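First chain written, first letter: the chains are A, B, C and D, and each begins at residue 1.
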């Protein structure tokens, strides 16, 4: 029992923080927002120079052989800069294949995913029909869906990979509130799906990775809103005083820190629990997703409020955090749904 | 349209505030708490010297002929002192008879109620069985039930008055969290009930009066917790400063005032709406009961918190407000139930 | 205490409702229900001139300046019927509700005659020059300077959050007219023409993608020596009085807009099934109760006779509605779910509820942040010690 | 980063669990699960002496003073198994968790030898003399005076909220030993016998009807010149270090009590049908999540090596648990409904959940109110300017 980062984990954290702070600048992110929400140069450096696209994938297939804790470190650092990166679909499909793919499927897909060659998206709980391995259905709210090569879909205990550039697929891009992760709707009309060998394992792996990714992004984002607001509060003078000297302002920042510290426990508890195969893993995942998303939203809202007028301008970055926070709240199940899962675990299923 | 007190109403308000502030002292209330929760001398002065027991009752039966607005003024002032007075059951049974009794029933009961000769309690939504006008059932949580002479019970569209001193009645007193309004359980075993002529009108009148009474008590109590805490914050010095000079403390008091001002609108909106027979009356009643109870509880909790250690001693009066607030939250339907009634009005009935 | 309206009031209601509905289904049907403050400006100017012609523009003002001497009850009724008819938000609300009443209170007869009939006629649109980049919530820290030169005030400085400045005819500017003065002393309240080379307006894009607010730069901007309300150096007093007018009858009209927004949430919940969710039902009930209590709070506030007096309902009103509306924005998103995050068209522009969610973040900031509101409530309402100023 | 325990740790868990469960189903079955700190004191003293005899009293201490040199993981395990076995809350928790560690950190060898074995053996119960009537949250404002006279400290003053003082053997007292000093300077940290004529204890009845807290009056109370931790005038430093020990391993044991309280709410909801209410389910889920996160926050805090260092998990822990527990008290009442407001017997005494509701109002006050906690977090954790002191 040692609930602190190892030296290696601390080093990864430092590296990725530095990488995103240097590269995922507001200017570059805004450029990506005006296009398809992906900073391709960032994605390329991320995958190729740092080898981070394979962080949670097995070494024999080109990955780094690390676990959810390390993946969370990466997502936390990406979230802290609201980086325009197709990370969510990437980690979901990667874990789906790593945990539920056949050896052949792993050998086919994982090296390409680890190399960042493919952009992926995932649909959760869709309605679909399947006939002879051909899939039909409409899949809305696909993160980075208009830019994705691959789609992970699942239904019941079955999971498939679909080539979004293939036949029978049409994709419509949407203007999305969070422009760093725009949604698209894919319509499949008898598109060829490649079924993963162990659907249950694939789905469990994908969801765990997705929830941890979102929770960790939220943690990083929330901490960034706190750090930036603290810095602003020491610069900005009103009524002849640093605004950070006003007790009400201080207490609001303290409230942010109180929630963030719990969010930090939540993310790494969930990541550890998954890595260690703990009985608590499901409760940890639902707790982390629900709690971190709410924390981020609260903090990002406070960031706007505590910056005053400048905070709700387009020019200031506060709205990037705020919109990302809102988007994380609803992605892969909203807070009420996740809390209901926790309630079911302690109270039994709902009536 | 003039949503302000008339001169007469302002005069009643001033009179009752003075009366309760002078007579319903902490010392006298604590004496009543150690007994059955009724300050009988206070009740006697209230009824006989001030004639307030008949405030909402018709003049031809010994009442003052005024309405729910005036009754609310009285309850607000009583609540401000957490007075140990059997007001709730009194106004409920009074309005039940005034609105749903036959002329004979009015003539029989109202003068005695207006004179304060009888102490009453009321049971809401009970299970009971009736045969030949004889009632059987168990009625828990009767406010001031162990001291009451009369019980108002209802079921469906029928309402009865039961003599609690009569045959077939046994009453068990309970130690109750709010000692100024202790509960009792009455067990009726074939007790004689006097059915009121118009059950629906009686029940509607009783509930409206009960809800307004509780909401108004809550308003008065909440304002008192604010006033007392403001006064304390100007006296108490910590860290070399009046604690009321700390911004976090000021903002907490401001938050109390924000809620209280809404509670004030709620009470008098509901009272006016009932007096004027407005279409909005039901929504107003549910809004007032739910909102004022929550406001009071929040304010009373803050009173304890903002007094520091002294605030959670038995010796200090903060706990009297706190326990009364808690009790108002659950009496005659909790907040969730009342909000569900509002939701049904705007959304339609629940699934 | 009485909530109902008299028969005479109800007759008045019928009269104005009939007129408003005729206009909104007739000549002005094209701008009925238009939601924001930025669209269809020329048509809305025509509409406000129609209001002026028919005597419905500023009904609470004295008849001599274009009003009707309407009672508070009549003003309440008109505000309600105006919103009920779907008449668009007044683009000149600053002129009608702030500048006008302030001129009525502080202006000379000559000033009243010069400005009030023009405002009432819908021919003169106003904006406000209060906030500055370093004096957001701190009006006493105003840096814009005014000096008297050749019988004119010459003004230099920068104002911010001047909403609607880009189509306004006039601006009132709080400026420091005594050199070396500090804090609330030495300020003056100037009434300036927008149409002059010394005034430049730049839009500020907000988080919803729109630009309702502006920065306004004053560079040797000028007005006549007598284009000032109150005496030189008394601008603080005038500015504070003006803020009190924000709590006037217009709040009732604003509430009708809130009603429409809450109804949009209710309709969305009914349409997508969330109306059956007990958790959502509790939240909608809270919003409904909050809106009703705002209405009755406003009626309490208006039923007092002295609008400038401190009373609890008035003092707490701003933070109440701003917080309520921000919460409603969040509730709307919760009810709509992910669908709310996708814009209907191909540019960054949002329908009612997502736009409410984004724009309402500013409600708790402009016109005094929620933090400033709590200071005011604690200090003015409860008599607690004032926050100390630091060394500027 | 690892949450699981090693096989050696699991063996340790089995050992202590076996011993604890044997005791709690054997000789001490009569005090198993006893909820409060006031009942059955003589039997609880016997229990704590049994712990001492068996070497389970202060397992994190060095062996030479009665401990086991246990690792943090072992301490976590013991705290969990202790609570799981239903062993009663330690009546000497102030001796074991605060006085002992502080003596270990600041005491001379002679002081360690004098006090630590007695505490470890369960023979010496301690209470704390920190707060005063006018220095509730403001320790620097201590007025209790100590003067050196004939080789003894003579102490005069009044302490308040001295929980369990009525059966304690020793008290540590923060007193002003330099006349004319103010603020944190000139304080000393004295270790005093309770059994002397100069110390009088008066119980304070709380809102739940019980009296766990006391006022303690010191009137020419005495202790030896060397019954002091740290040097004269350095009491502030010692007192601050002691407060840091409140965030030690005992938090894990405390959390097992919280677990029991949350389970009581869950059981009540299942029993009366509220468990089917979606609104209640959301609240119970929030409580469950909060408790889990407290556990992992505590493990993060303990996995650091320097307990006195400022880290976010430690700095925010007090307000987290105090707020969580107060909210749980309210949730328990909500779940139970009116039934919770009726006491089971014929005097003013409450079962677990109503008692939690009432007593937890003190959690957000003692040991630094939530307001003080937020100041500390903002100032120490975020580096924001300190609140200014006024003129005393």
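In this text, a contact is a pair of C-beta atoms (placed from the backbone, for glycine too) under 8 Å apart; a residue touches a chain by one contact, two chains touch by 3 or more.
If you're wondering where the values come from, they're calculated on a predicted model, not measured in any experiment.
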Chain pair showing more contacts of the two, B-C and B-D: B-C
Farthest chain relative to chain A (centres taken as mean CA coordinates): B
Distance between chain centroids, defined by C-alpha means - chain A, chain C (Å): 40
CA centroid of chain C to CA centroid of chain D, Å: 54
Chain A residues counted as touching two or more neighbouring chains: 242, 245-248, 250-251, 336
For chain C, residues contacting two or more additional chains: 278-279, 282, 371, 374, 387
Contact footprint of chain B on chain C as seen in their complex: 1-6, 9, 72-73, 76, 266, 269-270, 275-276, 278, 281-282, 284-286, 288-290, 292-294, 296-297, 299-300, 302-304, 312-313, 315-316, 319-320, 371, 373-375, 377-379, 381-385, 387
Sites on chain B touched by chain A in the complex: 246-248, 250-251
Sites on chain A touched by chain D in the complex: 1-6, 9, 69, 226, 230, 233-234, 242, 244-245, 247, 250-251, 253-255, 257-258, 260-262, 264-266, 268-269, 272-273, 276, 278, 280, 283-284, 287, 290-291, 336, 339-340, 342-343, 345-348, 350-351
Partner chain A, residues of chain C touching it in the complex: 131, 134-138, 140-141, 160-161, 204-207, 209, 279, 333-334, 337-338, 340-343, 345-348, 350, 354, 357-358, 361-362, 364-366, 369-371, 374, 387-392
Touching residues (chain side chain D, partner chain C) in the complex: 277-279, 282
